[in-house]
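Okay, so subunit A shows up in both of these, paired with subunit B first and subunit C after.
Showing the complex of A and B:
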């Protein structure tokens, strides 16, 4: 099973869900399949799960999907304990486990050895944990998670390798503004603060 | 930190409009954590480490919250990789409140943090204000948060001397 096939299988199910992707090839693959302002391509290894948690807690009525990786989650394993304790019922945490640091030329991660991230999630207190080894299992797990009003952890055991897709032509700044403006508009929120200019502030010195 | 001073920190957070906080408890700030956790107007997320706290606060900002990180000086070192990238790559506002352990006047020898805290903030290009008198706590927290939001970057408040002890 390849990561891109998993993403391609579930992309048609997406509506207004907010998505946080791990750095590396997954961001390009997802952007090619779902070019949408509700995608945030996080470029901090390890932080996908935590950013998704913050979003999920801030917008509890909105579905948040995290596309994480084994190397990233291993860098921030404690986040599983935090997420399980906070228990955001609108979060789907998906980990594509290719058992290697793909962006670092494929050096093995701990999941190539003894580590089982699904078991760690269960041990941290996740109640809905799915390990998918086939595309059918992944699609079924995702379908259930999307329909559910509860926290899900899905471990997708995938082969290493990236799809041949165009690079997502978004830097962190453009991605930030598009994402935050989309949330402002779709949630009727004002997030970016406009500061007073001299012209608009009658008290300016 | 005495509870009256801890209350001033919480008052500062409230006046600044902070409605979301994340961090890992520090001994000198324990009263602040307890008060923030009980405050119905602030969602507090206790994390396993401070780097994780930076990520949770980062995500909460995108969801419309006004986040603060409550970090120890040791925890600032743990959070450095993510804070630096949040500041320099993503440019997202975040108030960072730090009891300045290790500064002159700390009865325990934590001098390591005297050597790392301010140089670390400077290296990450995170502006900060040192607050030494409790009378300045509320105003400084409010002003630092206003600057964070205006500049779209983390801004830190360091409490030392009479403001902390």
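Showing the complex of A and C:
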């Protein structure tokens, strides 16, 4: 199973869920499958799980899905301890584990050796942990996680390889503004500050 | 840090609208971290590594919170890449309160290099910062730094020196 097969299988299940994608091909694959203002494409390796935690804590009534990778999570293993302790019941943390640094020409990661990220998640205190080795297992795990009101960790063991999709045409700044405006509108929040020009005030002295 | 200083910082953060704080503690920050944890108006996230806190604060901002990060300067140096890629590049604010070990008044020789590097790195990253030591400067500096972070959509920093931390 490849990462794109997993994404394609679950994309039709998405409504207004917010998504944080890891650096690398997953952002292009996901944007091609589900172009939506609620996608945030992080330009950093490591902090996908932490960004998703911050969002989940800020918006506890919204479902947040993180599409993380093994190389990324290995940079930020401590985030699993923090997430388990905070226990956001609206977060689904998905790790596509291809056992290599795919976007960096494929050198093996620690999961190609002895490391098992699902065991790490369990050890950190996650209670719902799924390891999916087939597409059916992944779909079933995701379906359960989406339906539940609890924190889930899904490790999808995938083959390396990116799908032939167009590059996501979103600069980081553009992505941020679109995402924030979408949150402001869908949550009735004011996030971006704005000030009136003093010259526009007829009573100004 | 004296308890009244910690209480002044927490109250000033709340007055400035801060409702979400990630922390990584240290002896000098202990009373502040404990006070943040006890305050029901602030969501407190103790983190395992400072750059993790930067990511969490950025996510909380995107979800409508007004975040701050409390850490020592060693943690700030560790967070340079996170600040560049997660905050400065897309334009996401986070107010940082940074304890300045190795600065003026430092007794421990081991902190000198980190102390000397803190301000140059803040300057190199174009992060606007204020240094605070006196009690009466805490409240207005937190207010103004938070104001600039929000309006500029950039991280800002308050460097707490030994006078504030003792």
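Going forward, the second predicted complex is superposed on the first by the 198 of 205 C-alpha atoms of A that agree within 3 Å, B and C clash if a C-alpha of one lies under 4 Å from a C-alpha of the other, contacts with A are read in each partner's own complex, and residues count from 1 in each chain.
Here, a residue touches a chain if its C-beta (ideal position, glycine included) is under 8 Å from a C-beta of that chain, and two chains touch if they have at least 3 such contacts.
All values reported here derive from a predicted model rather than from experimental measurement.
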{"item": "Clash-or-fit label for the pair subunit B, subunit C on subunit A", "value": "clash"}
{"item": "Partner chain in contact with A:47 - subunit B first, subunit C second, else both or neither", "value": "both"}
{"item": "First, second, both or neither for A:185, with subunit B first and subunit C second", "value": "neither"}
{"item": "First (subunit B), second (subunit C), both or neither touched by A:173", "value": "both"}
{"item": "Partner chain(s) touched by A:76 [first = subunit B, second = subunit C, both, neither]", "value": "both"}
{"item": "Partner chain(s) touched by A:89 [first = subunit B, second = subunit C, both, neither]", "value": "neither"}
{"item": "Contacts of A:57 with subunit B and subunit C, given as first, second, both or neither", "value": "both"}
{"item": "First, second, both or neither for A:127, with subunit B first and subunit C second", "value": "neither"}
{"item": "On subunit A, positions contacted by subunit B and by subunit C", "value": "20, 40, 43-44, 46-47, 49-59, 76, 78-79, 81-82, 85-86, 172-173, 176, 179-180, 183, 187, 189, 191-193, 195"}
{"item": "Subunit B residues within the subunit A interface of the complex", "value": "20, 22, 43, 45-49, 51-65, 67, 81-82, 85-86, 89-93, 149-150, 152"}
{"item": "Subunit B-touching residues of subunit A, taken from the complex the two chains share", "value": "20, 40, 43-44, 46-47, 49-59, 76, 78-79, 81-82, 85-86, 172-173, 176, 179-180, 183, 187, 189, 191-193, 195"}
{"item": "Of subunit A, residues touching subunit C in the complex", "value": "20, 40, 42-44, 46-47, 49-59, 62, 76, 78-79, 81-82, 85-86, 172-173, 175-176, 179-180, 183-184, 187, 189, 191-193, 195"}
{"item": "Residue ranges of subunit C in contact with subunit A within the complex", "value": "20, 43, 45-49, 51-65, 67, 81-82, 85-86, 89-92, 150-151, 153"}
